[in-house]
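Comments concern the structure below.
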Amino acid sequence: MAMDAAILHTFTSPVVLFFVLGLLAAFVRSDLAIPEALAKGMSLYLMAAIGMKGGVAVAESGFSSTIAIVLLAGFAASFLLPFTAYAVLKGFGRLDRINAGAVAAHYGSVSVVTYVTATEILGLSGIPPAGYMVAVLAAMETPAILSGLMLAKGLKSDSGNERSEMLREVFLNASVVLLLGSFVIGLIAGPSGFSEVSPFFAAGFKGVLCLFLLDMGLIAARRIMMTKSLTWRLSAIAIGLPLVNGMIGVLAGTAIGLDVGSAAGFGVLCASASYIAVPAAMRMALPEADPGLYLTMSLSITFPFNILVNIGLITSVAVALAGPGGIVP
Amino acid sequence: MAMDAAILHTFTSPVVLFFVLGLLAAFVRSDLAIPEALAKGMSLYLMAAIGMKGGVAVAESGFSSTIAIVLLAGFAASFLLPFTAYAVLKGFGRLDRINAGAVAAHYGSVSVVTYVTATEILGLSGIPPAGYMVAVLAAMETPAILSGLMLAKGLKSDSGNERSEMLREVFLNASVVLLLGSFVIGLIAGPSGFSEVSPFFAAGFKGVLCLFLLDMGLIAARRIMMTKSLTWRLSAIAIGLPLVNGMIGVLAGTAIGLDVGSAAGFGVLCASASYIAVPAAMRMALPEADPGLYLTMSLSITFPFNILVNIGLITSVAVALAGPGGIVP
Amino acid sequence: MAMDAAILHTFTSPVVLFFVLGLLAAFVRSDLAIPEALAKGMSLYLMAAIGMKGGVAVAESGFSSTIAIVLLAGFAASFLLPFTAYAVLKGFGRLDRINAGAVAAHYGSVSVVTYVTATEILGLSGIPPAGYMVAVLAAMETPAILSGLMLAKGLKSDSGNERSEMLREVFLNASVVLLLGSFVIGLIAGPSGFSEVSPFFAAGFKGVLCLFLLDMGLIAARRIMMTKSLTWRLSAIAIGLPLVNGMIGVLAGTAIGLDVGSAAGFGVLCASASYIAVPAAMRMALPEADPGLYLTMSLSITFPFNILVNIGLITSVAVALAGPGGIVP
Amino acid sequence: MIETVIRKRIEILADTPLVRRVTDAIDRASITGWTVLPVQSGSGREGAWREERVLGTDKSLILTIASQDKAAVLAESLAPILSSHSLLLTMWDVEVIRGERF
Amino acid sequence: MIETVIRKRIEILADTPLVRRVTDAIDRASITGWTVLPVQSGSGREGAWREERVLGTDKSLILTIASQDKAAVLAESLAPILSSHSLLLTMWDVEVIRGERF
Amino acid sequence: MIETVIRKRIEILADTPLVRRVTDAIDRASITGWTVLPVQSGSGREGAWREERVLGTDKSLILTIASQDKAAVLAESLAPILSSHSLLLTMWDVEVIRGERF
C-alpha cells in the first residue's frame, strides 16, 4: 500500500509533473527556458529554506545521539561510496583514471533537489524525514569530492599550497555554506523566529520547487540530446549506482535505528548524485576530466531516474523494513 | 452599474495602478527598470499559474460541449481576424504586404497578460471567466501566426523542410508549451494537488502581476518614445482593431452561450494583440518586417488601450448583452 | 528592558542573522553569490512593498500636521547633514573637496534597507514607526545629493543645460520614483485594494529581506577586503557619523512630537547612509570622485554598524526619551 | 617566445531568435565551434531598442574563430541574409596559440 | 570572394550610469549605431569590483563600428573625459560586408 | 588628431570556476587590469553547452589590455594549461589613447 501510495504521489504531485513537462518540452525542442539568474536564485532559495527548516526542527526536538551517529554515517558514506563507483566506472565503464574519479565524486556526493523532492513525496505519504537530516545532507556534500580527487590524482600530485587552497574552496563552496548557515540560523531563530519568515520560506517552497524542476527537466533533456560522450555502459552505471547506493543507504539508515522517513531520506541521499556543487569543483580541480561525462550521467540519467522511480522504490523498501509498526513510530 | 464598477475597479486596482506608474516613470525618463531576467521569469510564472488554475477549474467542473465549441471558436477567430486586419493595414494603414502580414498576425493572436488582467478585473466585478478559457487562450496563440505568414508570403514561398521546421517552432513556442503543459498539470493534480502549491501560484499571483505590469508600462512607454516608424494612421488602427475585435468576440461569446464573464473574456482575447510569442516568431519567419512597427502598435498602443479602457468597455457590453438575469447565471 | 529587547531581537531575527551569514561567508572567501538580476529585483520589490504599506497606512490614518512637519524636517536633515559631514571629512578625514562632497552626499541621504530592517526590529519590539515615515524616507533621498554636489563643485560650475538634466536625473532616480509611486498606489488602493496583493507584498516581505541582506553582507564584506582607499580616519568617520546623526535624528523626532517608534525611525534615517541611489548619481555627476571611498564607507562600515549596533542604540534612546508613558502612546 | 598563428575572428550580432540560423551556418562551414554572448541594448537605422528580452526580440553576439578559408565560406553563406535579417558582421585577424585546433 | 571594406571598431568600457553620455557622443559623431554588452566584474588601478549591479555602479561595454573619420571624431570628443571618467577605449580595423552602412 | 599607441588586447574564454586562475595570471604578469564578460552558450569539440550557470559550469570571457611584452608573458604563462583547461585565447593589436596606463 505504502509503495502504491508513494508511486501515486510521485505522479500526481505538481512538483514531479513540472519536471516531466520540462523533459518533454526539451525533447520536442521547444524554446522554453528559465532565465539562468532566476534558476540560480531558486536553487539558493531552496537551500536556504531547507536549511532553516532543518535547523528549526532540531531546535524543537533537541540534539540526540542518533544525530551524531547518522552524521558520521553520512560522512562515511560520502567518502566511501566513490570507491566502489570508481571501480565500476574503470572496469565495466571503461573510463580512464581521471574521468572515473571525477564521475565517482558525483555519486558519493548528494543532490539537494533530489532530497528536497523526496521530502515532499515522503511528506505526502505521511512519513517526513527528521529535520536533522538536512545537516546530514550538508555533511555528505564534500567528503566525496576529496575521495574522488584522491582516486583521480593519487595522494601526492598537487603542491601543498594549491592543495590547501583547493580544500578551502571545496569546504566553503556555496551550497555547503548556505545549507549549514541557514541550518544554524534556523537553530538560533527557532520556531518563533522562523514564523516571521515562514510565508516566504515555507509556504512558497513547493511552488518554487515546481519551477526549478521544470528548469532541471529542460536542462537534463537538452544535455542528453547534445552529448557526444555517453555509452550504453555508462548509462547502465548511471542507473545501477543509484539503485545499489539507495539500498545500502536505506539498510544502513534502518540499522542505525532511524525512523522510517529518515531511513528513506538517507537512502535517497546515498542514491542521489550531485550536479551542482561537484561539477563546479571538478572544473576547478580536475579540468582535464570531461564535463560531458559527469554532467550527463548525474543530471540527465541518475537525476530523472531518482525522481521518477527510485524515490518511490526506496520509500517502499524503507516501509517494508520498518515492518507493520514502523510507519507510526 | 456594472460598467461603473468595472471602470472603478480598473482604476483602484493596484495591478492597473502599477501599469500606470510604469508608463509615467518612462515618460518622465526615470531610469527605473526591472532586470530582464526577472521580467522574463515573471512572465513564465504568470503563464504557469494561469495554466494550472485553468486546469484545476476544468478538473472540478468537468468537460462539456461548450468547451469544445468555444475552443473551435477561438481557433477560428485567431485564424480569421488577421484577414480583416491585413486588409485595413494595407489599405488604410498603407503598409506593404510583408509588414501588413506581420502586424496582422499580432492582432489575431492574444496577449496573456491582457487576459490575466481582465480576469482580475472581472473577478473583482464578481463575474470571473470560466477556467477552460485558459485552454482557449492557448488555442488562440498560434493560428494567427500561420495566417499572418500566409498573407505576407503567399502559400508557396518556403522550401518544405524550412516550412515544417518553422511550423514546429511556432506550435512549440515557449508560451504555448507552458500554458498547455500547466493546464494539463492542473487537470491531473486537481484541487488537492494544487492546494500544495497554491501559496506560490495563487496567493502570489496578483503581486507578481503588479510588478510585471510596472515593467510592461516602462517598456511600452519607452518604445513609443524611441519609435521612428509610427504614423497617425497606424495609431488609429491600433485602437480601432481591438475595439472592433473585442465587440466581435463578446457577441460571438454570448451567441455561443457562454456565461457573462467568459463572454467578456472571449472578447478580451479577440481584442488583445500578442507582444511576446508572435514578435519572436516574426523575427524568425519574417525577419524583413519592421519590429518597430508591430511591437510599437501592439505593445505601446493596443496593450495600454486594452488595459485602461477596453477591458472595462467589453465587460459592460457583456453585462448588457446578458440582460438583467445574466449576471447571476 | 526595551534596550535589551531591541538588542535581543536584533540577534535572533533571521533577517539580521542572514546578514551576518553573508559577512562571514565573504570573509572566509566562499564563492556564495546571489545573481545580480535577482538582487536588483529584490531591492525593487522591497521599495515597492514598503512604499505601498506606507501609503495604505496613511490612507487609514489620514493626513495630519505632524506629517507635514516631519516631511520638512526630513528634507532639512537630508540637505543639512552633508555640511557637517563635509567639514569632518575634509578636516579630520583629509579628503579633497570632490571626494569629501561625494561622501557627504551619501551620509545625508538614506538607506532604504537600513530603514526597512529597523522597522522589522521596531515592530518586534512593539513600537513600529508610522506609515507616513515612508514618505519621509523618499523625501530624504535626494536633497543630500544636491548639497553634496554644491560642496564638491561650488554653485557655478556646470552649464545650465547639463545642470537641469542632472537635476532631472537626481529627482527621478529609480528609487524615488518607485517609493513615491508605490506610496501613492497604496494611498489610492487603500486597505481593501492592498489586501488583494498583500500575500505577495506583505507576507513575503521578511523572507525577501533575509535573502537581500545575505547578499548585502556578501557585497559589503567583499568590498572591504578588496578596497585600496580606506584609512583608519575614514573608518572612524564611518562609525562616528551614523552615531551622531542618529542621535540628532532621534532628538529632533522626539522634539517634533513623533511617537516613539517614528522618532526612532527618524533617527535611523538620519544615521543611515545611501549605497544604492547616491553612488549611481555620483558616478554620473562626480565621476572624478573615488567610488572605492564612498561605497566602502557607506556599504562596508556604516551599513553593518547600523544594522548590528546602531538601530538597537537608537531604539533605546528613543524609548528613554519617550519616558515611562511613551511606549504605549 | 610562444608560437602563435593567425586566424580570423568573426563576430556576428543577430536577433536572438536567429542565433540558431547563424550557428547552423557556422557548423555547416565546418568551423570547430562558436560562443554566444548576451547583449543589452542598441541603436541602428531602425531605431533604438532595450529591455526586449521579455518580448523575445533581443539580440545576441556570436563569436567564432576560424581559418581564413572557412571564414570566407561563412561570410559568403551569410552575405545574402545580412541585410534582410539585420545581421552585423565584422571580422579581423587575431593570433591564437595552438592554431591547429581551428 | 565576397567584397569587404575596412572600418574601425571602437569599444568603450564605461560605468553603466555613463553609458548615455557615451552613446550621445556616438550619435553626435553621426555614427549609424552602437550596441551595449553587459560586464560582470573587473579590476584596475582603483581596485577590483564585482556584483555592483544592485548598487548601480557596475560597468558596460559599448561597441560601435564606424568609418575611420567618424571614429577619429568620436575618439577626439571622448578623449578629454577618458581619465576623469575612468573610460577604457580601444579601437582597431575590422572588415565588414556592405560597408556603405557605416 | 588625437595620439594613440598600440597595445595588445587579449581575450580568454574560460570556465567560470577557472576565472580566478586566469586573473591571477594577469595580475602576476603585472598587467594593470582586466574585465570579465558573461557568456551564454557555446559549442566546441566537446559538444555544445547552454544554461549551465545553475550548475556552476558556465563560461566567462576575460579581456585585458597590455603592452606587447606583458602580453607575451601572460600568453607564455597560460600556454601550458590552454589545452588541459579548455581555455580559448586570442590576441590582436589595438589602438589606445593615453597608452602609458597599460
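Lettered A, B, C, D, E and F in written order, each chain numbered from 1.
Heads up, the rule we're going with is that contacts are C-beta pairs under 8 Å (C-beta built on N, C-alpha and C of every residue); 3 or more make two chains touch, one makes a residue touch a chain.
Nothing here was measured: the structure is a model prediction, and the numbers come from that model.
Participant: So if I look at the partners of subunit A and the partners of subunit E, which chains show up in both lists?
Facilitator: Under the touch definition, subunit A and subunit E have C, F as mutual neighbours.
Participant: What is the graph distance from subunit D to subunit F, where chains are linked when they touch?
Facilitator: 1
Participant: Look at the interfaces B-C and A-F and say which one is made up of more C-beta pairs in contact.
Facilitator: If we tally the C-beta pairs in contact for B-C and A-F, the bigger total goes to B-C.
Participant: Subunit E and subunit D are one sequence twice: same or different residues at the contact, by the over-half rule?
Facilitator: Different-residue interface.
Participant: So the centre of each chain is just the mean of its C-alpha atoms; given that, what is the distance between subunit C and subunit E in Å?
Facilitator: Inter-chain centre distance comes to 35 Å.
Participant: Taking the mean of the CA coordinates per chain, how far is subunit A from subunit B in Å?
Facilitator: The separation of the two C-alpha centroids amounts to 40 Å.
Participant: For subunit E, jot down the residues that touch at least 2 other chains.
Facilitator: 37-38, 53, 92
Participant: Going by the touch rule set out above, which residues of subunit B reach two or more other chains?
Facilitator: If we look for residues of subunit B contacting two or more partner chains, we find 33, 35-38, 40, 199, 203-204.
Participant: If we use the touch criterion from the header, which chain pairs count as touching?
Facilitator: A-B, A-C, A-F, B-C, B-D, C-E, D-E, D-F, E-F
Participant: Please name which positions on subunit E make contact with subunit C in the complex.
Facilitator: Residue positions touching the partner: 15-18, 46-58, 81, 84-86.
Participant: Can you check the complex and tell me which residues of subunit B touch subunit A?
Facilitator: Interface residues on subunit B, with respect to subunit A: 35-38, 40-41, 44-45, 48, 52, 168-169, 172-174, 177-178, 181-182, 185, 188-190, 193-194, 196-197, 199-201, 203-204.
Participant: Spell out the part of subunit F that touches subunit D in their complex, as residue ranges.
Facilitator: Answer in residue numbers: 13, 37-45, 59, 61, 72, 75-76, 79, 82-83, 88-92.
Participant: Spell out the part of subunit E that touches subunit D in their complex, as residue ranges.
Facilitator: 1-2, 4, 7, 9, 23, 27, 32-38, 60, 65, 92-98, 101
Participant: For the complex, which residues does subunit C have touching subunit A?
Facilitator: 12-15, 17-18, 21, 24-25, 28-38, 199, 203-208, 210-211, 214
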